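Labels run A, B, C, D, E and F following the written order; every chain starts at residue 1.
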Amino acid sequence: MLLQLSTWQEIETYLERSQGIILPIGSTEQHGPTGLIGTDAICAEAIARGVGEATQTIVAPTINVGMALHHTAFPGTISLRPSTLIQVLKDYLTCLNRSGFNRFFFINGHGGNIATLKAAFAEIYYDLALSLPDAPPIRCRVGNWFMCGSVYKLAKELYGREEGSHATPSEVALTQYLYPDFIKTASLPPKVASGYPIYSATDFRSHYPDGRMGSNPDLATPEQGKQFYERAVKELSSKYLEFLSSD
Amino acid sequence: MLLQLSTWQEIETYLERSQGIILPIGSTEQHGPTGLIGTDAICAEAIARGVGEATQTIVAPTINVGMALHHTAFPGTISLRPSTLIQVLKDYLTCLNRSGFNRFFFINGHGGNIATLKAAFAEIYYDLALSLPDAPPIRCRVGNWFMCGSVYKLAKELYGREEGSHATPSEVALTQYLYPDFIKTASLPPKVASGYPIYSATDFRSHYPDGRMGSNPDLATPEQGKQFYERAVKELSSKYLEFLSSD
Amino acid sequence: MLLQLSTWQEIETYLERSQGIILPIGSTEQHGPTGLIGTDAICAEAIARGVGEATQTIVAPTINVGMALHHTAFPGTISLRPSTLIQVLKDYLTCLNRSGFNRFFFINGHGGNIATLKAAFAEIYYDLALSLPDAPPIRCRVGNWFMCGSVYKLAKELYGREEGSHATPSEVALTQYLYPDFIKTASLPPKVASGYPIYSATDFRSHYPDGRMGSNPDLATPEQGKQFYERAVKELSSKYLEFLSSD
Amino acid sequence: MLLQLSTWQEIETYLERSQGIILPIGSTEQHGPTGLIGTDAICAEAIARGVGEATQTIVAPTINVGMALHHTAFPGTISLRPSTLIQVLKDYLTCLNRSGFNRFFFINGHGGNIATLKAAFAEIYYDLALSLPDAPPIRCRVGNWFMCGSVYKLAKELYGREEGSHATPSEVALTQYLYPDFIKTASLPPKVASGYPIYSATDFRSHYPDGRMGSNPDLATPEQGKQFYERAVKELSSKYLEFLSSD
Amino acid sequence: MLLQLSTWQEIETYLERSQGIILPIGSTEQHGPTGLIGTDAICAEAIARGVGEATQTIVAPTINVGMALHHTAFPGTISLRPSTLIQVLKDYLTCLNRSGFNRFFFINGHGGNIATLKAAFAEIYYDLALSLPDAPPIRCRVGNWFMCGSVYKLAKELYGREEGSHATPSEVALTQYLYPDFIKTASLPPKVASGYPIYSATDFRSHYPDGRMGSNPDLATPEQGKQFYERAVKELSSKYLEFLSSD
Amino acid sequence: MLLQLSTWQEIETYLERSQGIILPIGSTEQHGPTGLIGTDAICAEAIARGVGEATQTIVAPTINVGMALHHTAFPGTISLRPSTLIQVLKDYLTCLNRSGFNRFFFINGHGGNIATLKAAFAEIYYDLALSLPDAPPIRCRVGNWFMCGSVYKLAKELYGREEGSHATPSEVALTQYLYPDFIKTASLPPKVASGYPIYSATDFRSHYPDGRMGSNPDLATPEQGKQFYERAVKELSSKYLEFLSSD
């Protein structure tokens, strides 16, 4: 049930039975020598569509570009500044709220989006309440697929410490499952930096010269990707339904 | 050659031979009782990918949500405010320019985006030149698939005045070709309003109650969609190459 | 009937019979070696006042500085960034709407303003409707004097291809008619560039080194200027009245 | 020497001998039952042109709309919000500075502009220095014609306490001198409020129901207006030259 | 009665008897070789607390950083840009107004804040009235302790022309009274520049190389500081009560 | 070593040996029936000063108002919108960076600030690098005193689950230690809600009617507060030194 493949009259009908919507949000950023630049958007989109089907929920078009300023020293990265992303989210939710939606479940593929999403929600709640004090209040929630308990457990089992924290085998596996024709290979140095905090883009690249943060994506396989997909869909479907039904 | 399905090292290599990039931009807005809400993004994305293949050019992730404030009285429409869209485009191009890209060809599926794109380009040229006075200057161009001469001619031949100006049979045909499983039917009143200028969202809906502007999308077929697709790809590929090579 | 030469009580009285207002908008930008920097504002202002008299309509003070960032590599040009111009227009229309005006007819002297005006209108409709959902909706229209059919026809007759697209003989003629003491002369190279697209200010100046775009303003005479003035006033007066009376 | 009646090449030549420019700024706001809505812009413009002639200085187009939010409960008032006016001034000065101007003398006709002008100058100095650390620094000054010593003295002599502080006989006299065909009459109640501080627009109108603040504009004559004009031009010409020559 | 040392229920009770609040605002900027960087915030805070006690009024947390861009060429200065400060004040007053406060008395320690405060008030009145047209209107006032008649008189008596206009003995004396352990000494050149207008930060430092503007803070004593404190508290208490009771 | 109690020449000297600075940031928000509205700022300020002394580091003035929009349905709360806070932080760090500081350690007293701080850091790194590409890069870190391991452990030992997550006994204890004269009492219902997610301010208040989130601040004592203070100072001092020395 994709918003983009629906008509406005189908949405009108949908809104009679539910005011919930799922919004996939990813990022367009370097993912190491073998990870796809679109990894975070691809994963979020696929899982969001799975959750949409499982829960009979409308899924919005994917927000492909998120907050990835720290990756901008690598070519191909595109990022919004947090101030811009806050405005984008405000525009999205104001429109959708005017349509009748009031439960917004973001399925997120990128850790770097979390802080800005959270900041944006606070600002949107406040600004919408000021301009429309009598409208039914909206609620937003973020579901990070890579932080699902079942996903995290599997990643630890399969990869241990080589999961790392960026360009991870788990996310690479998921893209391999979704895009088997785009599995990339490169000779990855076995030793890879980890543990440096994230500051500016230049600083990031000097500490993480090939873009990986402590990960070994060579471990990834499409079959593992399928497992991650299924676990994430299952767990986030539960979370969405719980979110929708909570008072 | 999709940016999202590339690695950063592939982009680095690409930039050695070309600094051009294609950016599909659409809209998420009502398209009448039988048109998909994602029509403009779907068409722009498909054509952009066709042009990317034909010209061996990198294609960025699609900007799915554009400037459609006048459609927001219909449920399901999502729009950025022009001020927000200008910031979004500035963020995109600043990042990509830092990567090394300097020729930006937008393939656009929505008339409502044109003014804001044009305004944004002027602001981006100016702001980038102020902050980076010595960098090689960037250039932007918009290719509107629906305004291609060959497309326009075909639409007139096939539909005459029933092409209309929103939720047109040509764009509906193109989505039917791309998503044959999502062909919608509805009984469309044969008489449909046309010619009213566009003002506010409420005003729009009162003049165009089912969302169509003078169009009869019932005339659309997937086969016609294929023809539109091929003509648009061919014509925009030429335009892109001319843009790239112009001094 | 100039707003600036009226009292607030006269405006109060006026609003009882009409809620329409004319807003001249121009630009402050180079117009080649013999064109006045204020050409676009001067023309818009004069024509707007003519239309105001012909239709008994209030005319606002001229917006002298518009969107001319692409001319800023020539000394004397002043431009607003599109983001700023959108805010300016929003402030103007919010105030005037609070006063009781709701039909805004911009008489525009500068092609570079059109995109930003259009973007601004969309944003203003939306923002005003959000903050004042119950107020009577506003409507905006742009009348570009240089695109009037009767003006265009005369320019073609008088100048053919030498009309060009910036620092044109038609606009220079109009300023000669209005300011006969400020007719400038310079030896203009007969060959002048034309047809290059507009990108950054630096790019513009390198392609159009004396500021003209394909035009030969030497052809202009004050008598022709009078003709342009009269045609523009007549045609835009009709357009304004039609705008005002449309439902 | 009006910028708008010059060519860019004349400005280029001018900049070789001077980097100073005069910018008239006024307001578009109610001025009581007999004062023109454009009073502040009209006065600033006329005096600025006088100073321009006396000192052989370029005069920019008048900023007709300033900061008059407290007058917006009277129909016909147009105001920028201070945040917008700061951006407008930043855009103006950035362009002009790029042209080569670096001494900006604002001739101001409206007390309500002073605070925002001052705030804007601080922000512009800072932002320009950040983006162009090596450019020669700019300087801004405000010359308020109504606060000139010679003007103030004359107003006190002619009107005493009836000068008041808004819609004053001195400014009305000046507009009568400049626009003798637009002298307005109305029966003004002799008693008029004064001394209330300025808060919101609604508050303002409730305390000053006809728009005057303690003034009796009935005392004004065109002849007095001429005197004000001459004194202001003389005094501000000296101030401008002193500003220009100060190290 | 400090807001920060109260509970929300105490504020709820307070609001039943008064809707007034005192907001100290200072600056964090160089104050010459012997003046504390926090001088303006320290003075404003102490006096505001005195006024709060004298008038039984709630005092908000001090705004420590104000508009001091012209001091930023000296290390240790922190300043907001005026555009930012306007937003900050808007956020403060919107929250407090929602709580029930509607009389805002700023006790200010820094001349550089005045213009931005005034601009902000105008914008806040307007924006709050647009978004909440039916709410009881708010009122703001600035009380500059250093411009109190009784303070000014004492400073003239004690220091004459050596009071100067920045890093003055009066403000230094006040900080000596409040922080006797932080009295600084340095050999101050007896001759100190004065009278240059304020432009950019670089310009400021070149004219006022040690940060003082015409002042001799060596004259300051803690005992004098106590006198300034008492006079300022007394005079501003009266002004606050008058503000609160005015209709 | 408080910035506000230093002179600019002392800061100049300090910068020769260190480029690090500590910035306390809190919030001004309801803390239940017995918690002080300033709790988060008070705690952050005291601990920051302790860390400053322990590590011989300059401490900036406290940012008293943070991101607390979700508490604004309780009187006395003041909050910045995240967009505003990002600008404030950008202004602070731009100034301080110009002074020579480049290591910014925020000691934070409020969970609600974390997301916006993180978003702001990303934006500041990026914007500073764009405008000053050759300057030594800056680094920011947040030290949340309430999330220190040693603090958390003590809170669990002392209060178990009654620590809760807002208006906690640990933060109340700390304010009791710092302000023994302002210990508040109220009869607190033993049962208090917990576990509801945070959405809008209205929603928050309806779920947490007295402002506490699962906490029992009745358990707090000043002696415990002293222990929290000492642990936080010790642990954050280590963290600061480690931050400063990391490459």
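In the analysis below, contacts are C-beta pairs under 8 Å (C-beta built on N, C-alpha and C of every residue); 3 or more make two chains touch, one makes a residue touch a chain.
Listed by chain with UniProt protein names: A, B, C, D, E, F = Creatininase family protein.
Since this is a predicted model, take the numbers as computed values, not measurements.
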Starting at chain B (Creatininase family protein), how many touching-chain steps does it take at least to reach chain D (Creatininase family protein)? 1
Every chain in contact with both chain A (Creatininase family protein) and chain C (Creatininase family protein) is listed here as B, E
Which chain has its C-alpha centre farthest away from the C-alpha centre of chain D (Creatininase family protein)? A
Working from the CA atoms, figure out how many degrees chain A (Creatininase family protein) turns to land on chain D (Creatininase family protein), in steps of 5. 180
Gap in Å, rounded to a whole number, between the CA centres of chain E (Creatininase family protein) and chain A (Creatininase family protein): 46
Rounded Å distance between chain A (Creatininase family protein) and chain B (Creatininase family protein), as computed from the means of their C-alpha atoms: 24
I'd like the Å distance between the centres of chain C (Creatininase family protein) and chain F (Creatininase family protein), where a centre is the mean of that chain's Cα atoms. 53
Please set out, as single numbers or ranges, the residues of chain C (Creatininase family protein) touching at least two other chains. 72, 81, 83, 131
Looking at which chains touch, is this a line, ring, star, complete or other? other
Once the touch criterion is applied, which pairs of chains come out as touching? A-B, A-C, A-E, A-F, B-C, B-D, B-F, C-D, C-E, D-E, D-F, E-F
Chain D (Creatininase family protein) to chain B (Creatininase family protein) touching residues, read off their complex: 94, 131-132
So in the complex, which bits of chain E (Creatininase family protein) are touching chain C (Creatininase family protein)? 130-131
In the complex, the residues of chain A (Creatininase family protein) that touch chain B (Creatininase family protein) are 2-12, 15, 28, 30-38, 41-42, 60-65, 72, 74-81, 83-84, 87-88, 90-92, 95-96, 98-100, 179, 182, 184, 186, 211
Which of the residues in chain E (Creatininase family protein) end up touching chain D (Creatininase family protein) in this complex? 67, 69-70, 72, 81-83, 86-87, 112, 114-116, 118-123, 125-127, 129, 137-141, 197, 199-203, 246
